[in-house]
């Protein structure tokens, strides 16, 4: 059972409690390779210390579930409400974001005690088999919230290590065997009046709804992600020196920041290297390019005579695909490995019958989860989609890297955030950000959906963000 | 004949030349009340000196029309290509935007000579009755470009005067008679698959196309703009102190900039005043609120239990309306008046048979210009729109204030900017900006269209920007 | 009669009035070559618009002399007290310094009317032959204040023109005939307990007193200023790339600002040019280097195996010298010339019997004005100083360029600023600035004294600042 | 034997080695109360993480002593030269200062191993009884360098804890018994030609020499430091709101930073508290005021009708006094105590025969160390100084708080920094800083001397800086 289905009829408090337990453990497992020093530092204002993530995800349960619902719940510390509030103005004042890295206290050890305190209270609250649906829904939200922070823990510690001249490794990783990316095929999708967004079955964030119709014209979508090798051609063709390829703000970012290659890349003695969670590695041309901003994704697409897909196009293409790919779990069960967009099995050839990376997955990890159904498409759409899907569908739609879409992050028609503090979860960020789709190698598999909308400002590079091309038909 | 129709079949070089002459004269008329000192200063990086506008609009003709097309054309000054390039990277390097106000030379007088030089060359080029369609199209673009800068000259000099503690007046203006805004009616528009964007008939910017279909669900639109009086209720209800009403970036703008009221407003002895192009005036509660950012427009709408319309909704509502309103021409023909969103005649009651403000308009100013036609709407849409239009249609859709929409400025499906430097005109700004519609009291009437897309960053306040509410049906 | 002697016994109101008239006229003469646009712009926060200087110097008379002393004096404009207050907190609030360039109103013409208004009132006040000593002292201060702003008008307009890509000339200037700087001689000064500071005879600023004793050890002083040619050797020896030559803050300035040569210098096709008040000229190696910061002066001296003199050393060396040199007056009487540190006649060989540059000077301009006397020096000091003076004394001590000393600007022992607003004139700036001595080509000759202490922050470059070397004995 | 005397004739390598051992242990003792998290964070660019201090002080021995002098010395880590170089440009490039807090690796534990590696090599180098005088001198410099960082570790961790909303305590401290400060007496010092600076006997920094003569006029010096109680009167008299009391840059600092009280002070419910190394305490009015900038010290003195002493005056007054006071050692031997300017025994009445605070001092801690001798003073000076000294001398000259002097930090006449990288130790900072004298409660007693010149920029507040008043005679 995954958190994404927590609100369906067959979910009860006890199985949800088990999901809580497993998710909370997974969080700790991600922090396990880190020293107290590693967990303390904030290497840029957009990132947060590991310690802060560990505390804030507990704060979320404490603030929104235990405090209002658990009779006699005792706050672990009176100042934590202030210290570990991320951005909920309705809850009250909060410690300034850019100062999170100045907090040496509470120590990592004290934060663990905080987590235990919250976990015990959640056990008490849910252990009796509560049937309160809003409470179960909140708990599911808390789980998904924690999963988001699991990914951020990885991207943020990668940044901490990446700015350290010693370039420490988070975890070792076996170097992959050299491969070649398959050629891009252009999958065609005919125009349709599509149903977009959450369909009300299973957990989804508020920003994925309401489900609504959108007209999506003919388009073509690349069968796989853009690779490092392809991006290198862009670099070598002067991509970072040609303003005509860039948005105006993108070019300003290039000039202000001196960008000349993707984030974490370094040129040494005529060869390209990048920093990974396993330390410095030579760039593999077959892997998907990652750590590019929206600006770079957009400029690359323009250079390639293509464009980024809209989020509706992406959702149309993903709708019937199984949720399969290179997710964080594959790594979590391999202690010697670190998340990296190494390319999904799909890209690397036929999925092995029982490959090492797959065998440790939960039994149903590879199952095709039918995405939220589309409304009756315009003529021929369903038939052609099916063609695209059967053996010919797009690869790497899930996992590996988040895919920048060309869609500004905006409310869906009829969107209204929930009342109260949780209304601040998503809605208030619908400005000057772009939507990314599909999850990454740092995303928990159970966390992603075809309707999932991630969003970051167009200059963000520290996430596992890459791109896929689209074209007008 | 207006520039907006310059490319229709009946346009020839001579009538276009006459349009050039009139537009260039109108630009000078706007600068007439200004001293050389006034024309020199740049009061913030986003604004430009009058003198720079006068030169840059000439540069545009010189660079894109005369230089490539006029045999033997002599550049007025070898450095002007650098000095008066606004943002065309393809043309070459340019003087940094924020340094425009440091140029005391060329003087205002020298810039006038530059204009005369360009005007004479345009006369020579078009005077012989050229039939070269691309040349006529470029000239039409140059005219529309100059009209955009006419509006910017007004907003920028308003800023120059507004930050001067002496609060000088650009022009005098008769105080309006006190009026009351009519109550808001909520006009209903049924769902449809609408055709959006330029229809290829008459001039339009590239960003208005391609014409395409978009699904627009049921919505309701307010019959008029939000007024100062209504905005005052927001202020008095703590609107600027309640983070839950704001986008996250909007609230940051409120805190960083200390916003507590619309731009140009001041509270003196318990009464509200604002700076206008005619100097300080007491705020008129019946007038449309103006000089609010997207953030303020969005927060007001949320406070009012409504939202901003999308640009598609606005275009649907405007499609069949005449282009009538409070434009800059009404003022230009009245030397003693300065542009101000005083409210269109529509708002103020029945249009006078021959009111002072109307009599000087060109004979056809009030005619209904049918907007680019809609594709067959879904059931009932046409009938209901007609109802909304006949005597019951929205007021103030054109002129007075630009209306913030909730739509991020993004390319229409299939949009591709033209090749070459003019491809930089619009497309490269499609990031982190929001669309405004309908023109303002500082817009030339012939410049606006139902498909016209203006755009500014969400924190911009120095334009004549206001808002109209919308609601889900 | 000059302002510097205004308070001696033989000064009466009428001759002071004549000095006021001449000084005010000289100010206008400096503004004469400038357009209204030129007079409006502030090209950096440290500089002020010409128009502002013209108004502020009038404000000084209005605020400190007319307002308290002239019965029935009518303020020219109620807001000018606010607009043209430079930094006198005791007077009240003031317009922010960095916003001075945003004031297009009052126009240059209106500022002239302001000056006339103030001049007429000063005529009325002093014209009757007032004998009020404090009033005469204040007027003398007002004159000296205006002279300081005369120099700033020149340095500030040089900056305005220098940042303009057109590099306009303030005034033409005949190119000098090529010359060679004489070799440096090292003049020796034996240790002494010197009397330093104003001696109470004639006008001096408060910061020049109290006169006090200071022990000055043996030192050697270079006989002339450092030249462009010498500074070029420093550049060519990697001076701007060797951190060991620089103060820590100086090196930070080099790196932050990308300094690689003195301000206003440009390298074109392998030759060095600089911007002067007469436009771009090729660098003359025999001229004194100018527009260097304290950091550059200090680094140059270290590179040369020397140091900057202390201000006490400079004053000891200057004490018995005539005040002769390349001052602004030489230029003012030659309409075709612009101030420039062309080298004093002394440097260029024997002073001509009646050279063009000298003939227009007031009859006594070349007279040796004995500096404030020294207390009995220690043994041998007077004799050796005399030797240094007779035909062998230091050249270029006055005029050409202000000389950076190694002395932080600090109060003299027993210094106490006067009570009231005028106490803010000098004292409150005694922090993080360094003393410069001797005046420049932009200084009025009657304004300078051997005890005169100019001061600027160590990164300031837009003044006519150069250097002279010193060494320990 | 203390480090300060290491270079006298009776110092040999073995006793110096013992001093090294004790100093290095003392450093570790200061870090003992701190978690790995505490040791990692940099709470502002001017401060450094504990871990960095621990490594950099080892780097100093490695770089300047072991590397050039210890045959076969093996660098602990090849990148540490880069990571732990503070500001020695001659050594090579260095990690940017403001990024020190981003280094989670090496961990605190690894830094300890680095220290052990260096300590062992120093043991090897000196253990054989080396007689190389330059080597012993360098080692003495290394010791003094480490002592400086001991103090910085305390001020920097105080800042880390001070910005943490939890306000953690570094160590507990017994609250002092309430006391009252004795009234200020004004000690008179007649004018003299004084010898200032190091006399060559025992260790001193280069910036303390050369010894030279300076004329010091009559002055009066307050018998004790300014107290919290006195500073409160300044606050209550509007001291932070009256620009006429401040230097211009000081007032700008007040306005920009919103200063309304000394650093670390907070007003809660009408009472004043401050953050100490033992946590929040109520302000004790009898204690010396601490954590004030030069600007605040200067403004207070002006408000009090006095001024700050010059550094020469301070040195004259301190010359014959014993080096006695509230130093860091008193605390180090009391595990339950944290450094705090609690007032020296002198202030609190007669020194106890064997008070708790004294008994743990090394046996000779209270001995009068005759300061570097003065040259023959002018008439009467010696006699009067003696009077001031015998029972009537100034109190608290050493320890408690560093005393801001009115002297900009400038080179003494004839000063020349040593050749090579160690020439960067002091000289290159002689710009825009002010001298402080006398040491603080965080200074090791053996580190201080009457000629010791500490220096900080005038806006620095996080050091233990306070003030003593002076007056003209």
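Order of writing sets the labels: A, B, C and D. Residues in every chain begin at 1.
Operating definition for what follows: contacts are C-beta pairs under 8 Å (C-beta built on N, C-alpha and C of every residue); 3 or more make two chains touch, one makes a residue touch a chain.
From a predicted model like this one, the values you see are computed outputs, not experimental measurements.
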Chains contacting each of chain A and chain B, listed by label: none
Cα centroid separation between chain C and chain D, in whole Å? 40
Calculate how many whole Å lie between the centre of chain B and the centre of chain C, each centre taken as the average of the chain's C-alpha atoms. 50
How far is the middle of chain A from the middle of chain C, if each middle is the mean of its Cα atoms, in Å? 63
Where in chain C do residues touch two or more of the other chains? none
If we use the touch criterion from the header, which chain pairs count as touching? A-B, A-D, B-C, C-D
Enumerate the contact residues on chain A facing chain D in the complex. 35-41, 43, 51, 79, 82-83, 95, 99, 101-108, 160-161, 163-166, 168
Using the touch definition up top, name the residues of chain A that touch chain B in the complex. 87, 89-90, 193, 212-215, 217, 243-244, 246-251, 294, 310, 406-408, 410-411, 413-414, 423-424, 428-432, 458, 472
